[in-house]
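Next up: the structures, one after another.
The same chain A turns up in both complexes below, where it pairs with chain B and then with chain C.
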Partner chain A sequence: MSSREADRTSSAQQTLDVLHDISQLLNTQLDRETLATCVSMIESGVNPEALATVIKELRRENASYSTARSPE
Partner chain B sequence: MATALNTLVLSLVPAARRDERLRADLTEDSLHILNSHIGSSRQVDIGHISANIRAKLSAQDSLRFSNLLARLLDQDLLTRKHAVLQFMAALSSSSAQPPPIIPPLMPSISRSSPASPLSRSRRSSMIPPAVPNQPPSTAKSKAQLLKEYRARHGRPQFAEALLLRDALYLLQGISGKVVRFNENKADGELTVVFSEDPRFQLPAPTRALILRLSELGHLYVRVSKWVRDHDGRPGVGMIEQSLCHHLQSQLTEYYRLIAVLESQMSQGGSIDMEDARPIGTKDEETGLTLRRLEVWVDEWRLRMRMMSVCVEGCQDSSGGALVSLIYGYTDNGDPFVRNFTDQLLEEVSKPFFQTLQKWLFAGELHDPYLEFFVAANPELSHLQYTHAHSNINANIGALMGDGGFAGAEDDDRNQSDEARNIGLKLWEGKYQFRTEMLPSFVGESFGKKIFSTGKSLNFIRYSCHDSDWVATRNKLDHTGPGRTLKYSDIPGLVRSIDSAYQIASQRLFDIFFEKFRLLEHLRALKSYLLLGAGDFADQLMLLLITSLSRPANTLYRHNLTATLEAAVRSSNARFDPPDVLRRLDARMMEYSHGEIGWDVFTLEYKVDAPIDTVIDPDSMENYLKIFHHLWKMKRVEGALSALWNRIAAGARSFLGGAGGGGRGGGRRSSVQSEVLDDLQCEWHQIRIVLCEMIHFMRQLQAFSQLEVIECSWKELMDFITKKEGDLDGLIHAHRVYLDRMVKKILLMSPKAGKEEHLLIQLRELFHNILQFRDATESLYNYCLAEAARVDSERDHDRGVFTLPDANPLSTSHKSADLPRILRRVKEYSGLFSERAQAIVHSLQVHQDLDCRFLSIRLNFSDFYRTKKELKAAAEAQGSAKGA
Partner chain C sequence: MVSQVTKGSLEDDPNAFSYQYEKALRTLETRQVSSDTMETIDARVQRLAKKARIGIQDNLAEALVRTWAFLKTIASDDFQDDDEIKLSNLPEQMQFLLELAAPPLPSTLAHADIVLSGEREFSAKSNKLTWKQIMEEEPFEGDHWEGVFSPGRAYEGDTSPSFASDQESEAEGFLSHSGESQESETSYTSTPAPIGQILTEAVYTQSEYFQGSSSESRELVERLRGKQTWRREWEMDVNWNRPFNTADPSTFAAAVSRVMEPRVGGRIQVPKVINEVDTVRNILLLLQGIDSPSTIFLVDDFEERTQASIAPDAPRLMHISLDAYRSILTEFCFSATRLQEMRHFIRSVYAHRDERRTKRAPTMSPVFVSRTLEAFAEAVDAYIRDVDKWCAGREEAIVQARSGTGRQTVATLLSCYHEMKEKVTLALDILQDILRQLVKQELRKDGTTHHRGDVERLGFLRAKNLSSIHPSILSTRLLDLLVHSINTQLAIGEHPTACLLIDIFVKTAEPIWKLAGKWMRDGMRVGGSLEIDDLEQNEQDPELFIQFRDINFTDPDFWEQGYTLRREGEDDWEDNRTASYSRPQLVPNIFATIASDILAAGKVVGLLRAMGIDPLSEEQFQFSATTWGTFSDIYTKSQVEGAEGLEHMDVESPEILQEDATYGSRIVMGLLNATMTEHILPWCKSPNLKLKKLLLDDCDMMEHFAAFENFYFMRQGDAMTAFCDQIFFKLDAHEKWHDLHFLNKVLREVSMRDRKPWISPELVQFQVRGGREKNNISSVRCFDGLVADYTVPFPLTYILQRPSSAIYASVFVLLIQVRRAKSVMDHLSMKDASQVASGLDVGDLNQFFALKAKFSWFINTLMNFLTIHVISAKTTQFQVLFKKASTLDEMITSHDHHLAQLQILCFLQSKTAAVHRTLLSILDLALQFVSCFSAYLEERTSNGPEKPLAADISHKKRRHHQKRARRNQRNTIGFADDVVPSDVDSSSSDDEEIKEEDLEQDQTLPDITQNRSRPSLTSSISFAEESFTVKIDRVSDELDGLVRYVRKAVDVLAGGSNETSAVFGVFSFMLEEWDM
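And then the complex of A and B:
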């Protein structure tokens, strides 16, 4: 039982590695944890394009905050 | 889900870790986006996405990507690999740009499609006031400035992506969101309507562009509707079916184009929306715009127009007419149009050429939908099989005719008449030429040739015998129409038609002349019905002369046929083939009370199929007409020569010294009756008139036989030996031959209503001559009786005892008759010369040259001059003498 669990984790690890490589290659600027979160969300049925929009939106918020705060 | 989103917010916006309110705000916002419909409409497969991604990467990177992708596909943990890829692809394209430059994108967010429900509440706060302060390096074009201006004033333009989608719908004849087709209920016309949305505005150029595109959609609707209506419907002609097929394949091409366009649009469109970027800045190379669409479909517009024209032409024409309609468009300077129509014609004319081939080489009409330019007459189609049967019937009729039962005879005659009608009717009426169905690339004269060829073959096949058909087909096969006829090979078509035409008509000629001995029949008709065989006619006249002067109802057909046989036996006619003699028959026409044998007697020549195609009942009627006339002439001629004979013989014996011989004959003249002596002068007059009549008749007969019949015959023979033309030509030649004879022998004048004027005069003249003959004969009889009386007076001198005149009354009676007889003779001879003069004069002004020549023959010595002319001549003479 535990060995199967270990198998599962290792394969998940591998998948995540591959995905991370692709993500790097495509220059998505997602770190490993965020990517894992996103993938799990997509797996649970979230619309990938909507999710991409969300990420972009959040980044823009972040950027606007940081630019808004920097002059202060 | 919510926790995952929370983590995402926290990791991406570090500021939110401190600000609780901001975090909640962002999370709610993200949820809002996720629940929206961005991109949810599209279903894309993994191959498509990976191809998209590869297109963005460099060569090395794409190789690496392929490796990674292969490894990812090996993993079975993920169920939505394509979604993950799509997600990363969407992110990657955004990050391909230098990440920090966000401001230039801002205006397009506010402008972006209404389908992306970006939170409007915060938009004003999100637009940074720094926009105008952008460095000049990213200066906007005037168009962008205008767009911004519009955006500020709340009247943005429609997103082109939306319009593009609508345009693609329009191309398929479907109404889009912004632009709709509106069908007019009354006349079914489609109009294009733009939905007026006050929030957006549609510039006029774009409108025009969309209208242009929608024309294609409109045409498409029309064409596809027609194809749907006609495909597989029963009763649609083969040519229309093949047109359907061709159009269908063209439409399939069209669908392909639309599919390509759609995939292009989805590429461009997806980027467009997710990126929220002005169209045309980045997607120049890959995306689709309205103008590009216009270029793509431009060629199709022309093609669609042609198709629509064809479809419209189909409404009111079918078959060959349709083919010629399409052919009308091949004469076009535009090579594209020409090629298209050529191609179309090649396809569409295939069934036509199949039919043509069958018709041309087999003589069979296979045209289930009445599209060919030859149409079969349904009333006559069944006749082809009955003709053999009717043939037998006619023969039986001929055999039974000898039996002599009038009733049965009539029945037979009716039947055989019916059977006789068939030949020509079959030839002329079985198939009809329909000019309107003739494709215009064939040409009228060639069409006629094709028509005639098929007809000949059909005739050979069904109306003649099978062996002929086999022989002909062999020949046709040799000349090699193994090749198929088609539109692109017009010269080959022409050659095939020519050779087939020649072979078919040649064969038909041969059959007619060799197998069915048409020439023999024509010759027999000429020698019997046109009295060409003089010995036969004389014999017949001699044998019939007594029976024909009896009333018609005392004549019997069996007597006539027996007489006819006797005449044949005693003349050269007996050397004619039995097949010809078998057909010769004598009979009586319908008679009414008071007619005598001369009026009703007629010869007859029976022909049966297929000869009756040439010698049809109508021509037979003409033959009989000529025969009656010639027969009358013959009768008059015979009567005249008999009379002359009698007078000449009588003059020697008792009529008294017609010449010196009578007077030198001894003492007899001294005892001649005074009455007879007184009549010398009358007899002389009679002889003069008789000579005149004989001259008239001889000239008339010579004219008929030599000038008319023989000359016409020669022309007919010339045609036959040339062997040109088809059966129609032969029929025509025969008809011309016959018409010419009828016109000239019967002295027909071309004036309407007066055609038979001369003929009537001539008949009266004949009648006149016969009356004269009768009167002269009674004078002759009177003289004979007188001579006998005088002779008996001298019996006493001879020492022969005779009874005193037993009947003195009769002599006195006869002597009272004499003036009356003389008056009659005078009257008739006067009438004759009057009529002859009238005839000669009307002949002099006759339209026909040959008839005018007849008048010269009759009047070679200017005997028949009018009184006026005579007077003028006398005056001229007198004045000459006076001088």
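And then the complex of A and C:
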């Protein structure tokens, strides 16, 4: 890995760190890995609002699914 | 992504997983919503930060703003086109996170702290170099200069987040030119000040402070300094020199300035400009007496900084022209000056008080310290502190609103002016006016010539200007002026100002109220009741409205004159032994109705304490030092009573309360007097009851009164008749009747006549004044100098030995005089009369007996009137009233009134002196008549009856002629000129008179009757020139004239409308019989 490549990786990492900080401050409940996925998806052209809606929907479904399974 | 979000919970159920996956995919494909721009994201972040601040989560807000700013910075620094995360996508990334944002949890706040500390570490790491180090290096050498001048990033070397936006957002709500602020709010790059300027000033002014500190601290300080409008570092973010724009008020001041103000060196001077909210903060500082960039306090003539003035380099406002700005500031300066003057006045009062406490004031110079004035100063001090607190509160509200932690508030010069006017200006004007009126009244007293010093005294109020005013005068005027101001403010509907003045008034009245309580509890100072050491402490307080005069407490005048209500023009250091009742009282109006009661109660308490009785020890009066209470308690009680009254009124006429806010306060002020009266009532009642019991039971007051009446009014009939007869006998015998031993002996003898002694003769002390007339037996005026003093035990002296008690002695003398005439007339022996009659003709005989009857009738009528209708009737009335009297003062008043009535009815007043003299003349005439008879009898006994009788007959015709002539000349006696004596009437009553005479003659005392057969009134009467019958005729005419004069005078007295007229009417009716 060249020096420039390393710098770029480090820079991207730093950006992601800061985004993660903001994510934590906004209490989005996204872990670092999920956030990285979401950031890459947005960078790929996914609409951020739609992505946020999907995540909210998934969380809701997951919560109801977990509730349905818990008595068993 | 689906598995990450669901955390693998759906992996066990492939169908569910695929369903969710498909659903997410569809959502992502179908939803095409436009994303936000960078500006929108900025605004959303700011809103979130503001929301966090409102929720007092400053760290979260700070962390959010800083992290976002940092993200933008590194994005602009490092992002390249081929970066994994592009700058252009940053708003979308943030939009995504903002969509998922949830309310903060405790863990969120903890993360904010971590972020802040991490950011500081990062900042410290990236800013290892200081400006000083950089400047010490050669220009543009070293790694840190690399990339500095890269295009588009000329001044973006500071990697620390900018606080400009934060600062501007704080100010956003308070700027009138919101367009400018909005613009600056969204700009996220700050323009640093010129480097050299900051470095030079920072190192120069705070080099020691920064020595050894990190660059981070220094930057922090610099940032903070940049926010401080009073520093040079402050710069307005809006350009001053902008063209005038009607839509932008912030261009107005500059436009006016360009036209109106002179240019220096052809260039427009750019003034220092601050926001209006900062000017308001400066004004609030001004009102608190603190210098600010806008205003300063100048030194006055007393070298005290009281005069508020606009600072020479006062920062300007962008939307107000210079003149208007100065005009507004001047208004504030006026009020601030007044406040500052009052602060200095209060300070001077406190200094005066401290001086009094440390050393006593010199006694020679009248320098006074008024506790009322001190209380007033304390009350005003509390008010000014309240104003200070209000100013500080306003400032706090402004700061909180700016920081977003408080509620929104309006902070403009106009609103501040209105608030100040309501809170400060009105009340302060009144308070200063009150103090100036006090000084003015004192100056007016000194004289009419005024000089510059007087004007200064009015201009610069200080305690020493009031120290020459006597405390009682000062307290009275101060309280009266306050009450007057309160009533005026209530009348004009200034309720807040009136309430403030009421508060000050209540506090100012406390010392007087406390002194009144002390006076009522301790009472007056009576000799012997206090130890010598205590005397000084118990000296009558000069501030109370009660004045002490240096009169011995055993003096009968002490009760009336010893302690009185103060009057104008009476000072303690002057020798005022007698009260000048013509001058107005010096009592505060609020105490006017109860001052007399307070005075009387204190006197009674002091008297009881002097006699060893605790006046407040009764079980029903459990008083102690604390139960007197404060004046504030009294006012609170009035408020409660007023509120109860208003509740009742609210039902009947609620519209009054709605329309007039001052109505309640006016009712409370009106009730204040009644509440005070109600409060002092039990304090007056208990001591008075005890004193009355003491006077009646222990001092035998009623027994002494009975002795007085029995002796002076001769109501002890037989004993006093014997007493008088003894004196008359002595007088007739040409012996010295006025010998004091003789008088005392006689009184001692007559006091033993009854089984029960009716008087203690040792208490009576005779005095006989005047010398020559004492042995003149032909006149009743020989008794004029007789004075009998009756000594009563203390404290009855306050009632019975007052100056008015001299009336007793006057009545006593009058009664003796009447008795003397009656006695002489009664003892005219009929045997002697018949001897005379043998030598007279029938007509002359009738005339002689008629005249004797006339004398007897008049003397008996006068005696009856005096004893029955005056003394007996009035004494009975007095006894009824006296028993009703509950206080010593009432007893004294009742007794004085009784004596005054007796004085009038016995013709002893100066107004009726002529009648009194006429009565005595009649009595003297009676004595002359008897002496004439005695002389004639002696002459006949020695010479035989024929000679004088022949002489009488020869003069008969001449007598009738003289008689007619005298009738014509009768107008020489007063207004009896039209009176024509009726010989027929006189002769018609002769038979009755003779019978009465016989009856009375039988009642004379046996031991002296024998000696009475020849009264020795014969000294100088001769019948050589005028015969007996002529003399009788002349005496008869004279008597007639005198009686008619008396009757006329009594008629006039009976025609009045006062209490005594009816009694005179009785006498007038009795005298009507004279003509019958």
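Convention: the second predicted complex is superposed on the first by the 71 of 72 C-alpha atoms of A that agree within 3 Å, B and C clash if a C-alpha of one lies under 4 Å from a C-alpha of the other, contacts with A are read in each partner's own complex, and residues count from 1 in each chain.
Everything that follows uses one rule, which is that a contact is a pair of C-beta atoms (placed from the backbone, for glycine too) under 8 Å apart; a residue touches a chain by one contact, two chains touch by 3 or more.
For clarity, every value in this text was computed on a predicted model and none was experimentally measured.
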Partner chain(s) touched by A:R60 [first = chain B, second = chain C, both, neither]: first
Which superposed partner A:V39 touches (first chain B, second chain C, both, neither): both
Chain B versus chain C as contact partner of A:N27, first or second or both or neither: both
Shared chain A surface residues [contacts with chain B and with chain C]: 8, 11-12, 14-15, 18-19, 21-23, 25-31, 33-34, 37-43, 46-59, 61-62, 65-66
Complex contacts: residues of chain A adjacent to chain C: 8, 11-12, 14-16, 18-19, 21-31, 33-34, 37-43, 46-59, 61-62, 65-66
In the complex, chain C residues that touch chain A: 1-2, 4-7, 9-10, 13, 16, 20, 23-24, 27-28, 30-33, 35, 48, 60, 63-64, 67-68, 70-71, 74-75, 78-80, 83-86, 89, 92-105, 108, 111-112, 115, 118
Contact footprint of chain A on chain B as seen in their complex: 1, 4-5, 7-9, 11-15, 26, 29-30, 33-36, 38-40, 53, 57, 61, 64-65, 68-69, 71-72, 75, 77-80, 83-92, 94-96, 99-100, 102, 126, 128, 270, 274
Residues of chain A that touch chain B when the two form their complex: 8, 11-12, 14-15, 18-19, 21-23, 25-31, 33-34, 37-44, 46-66, 69
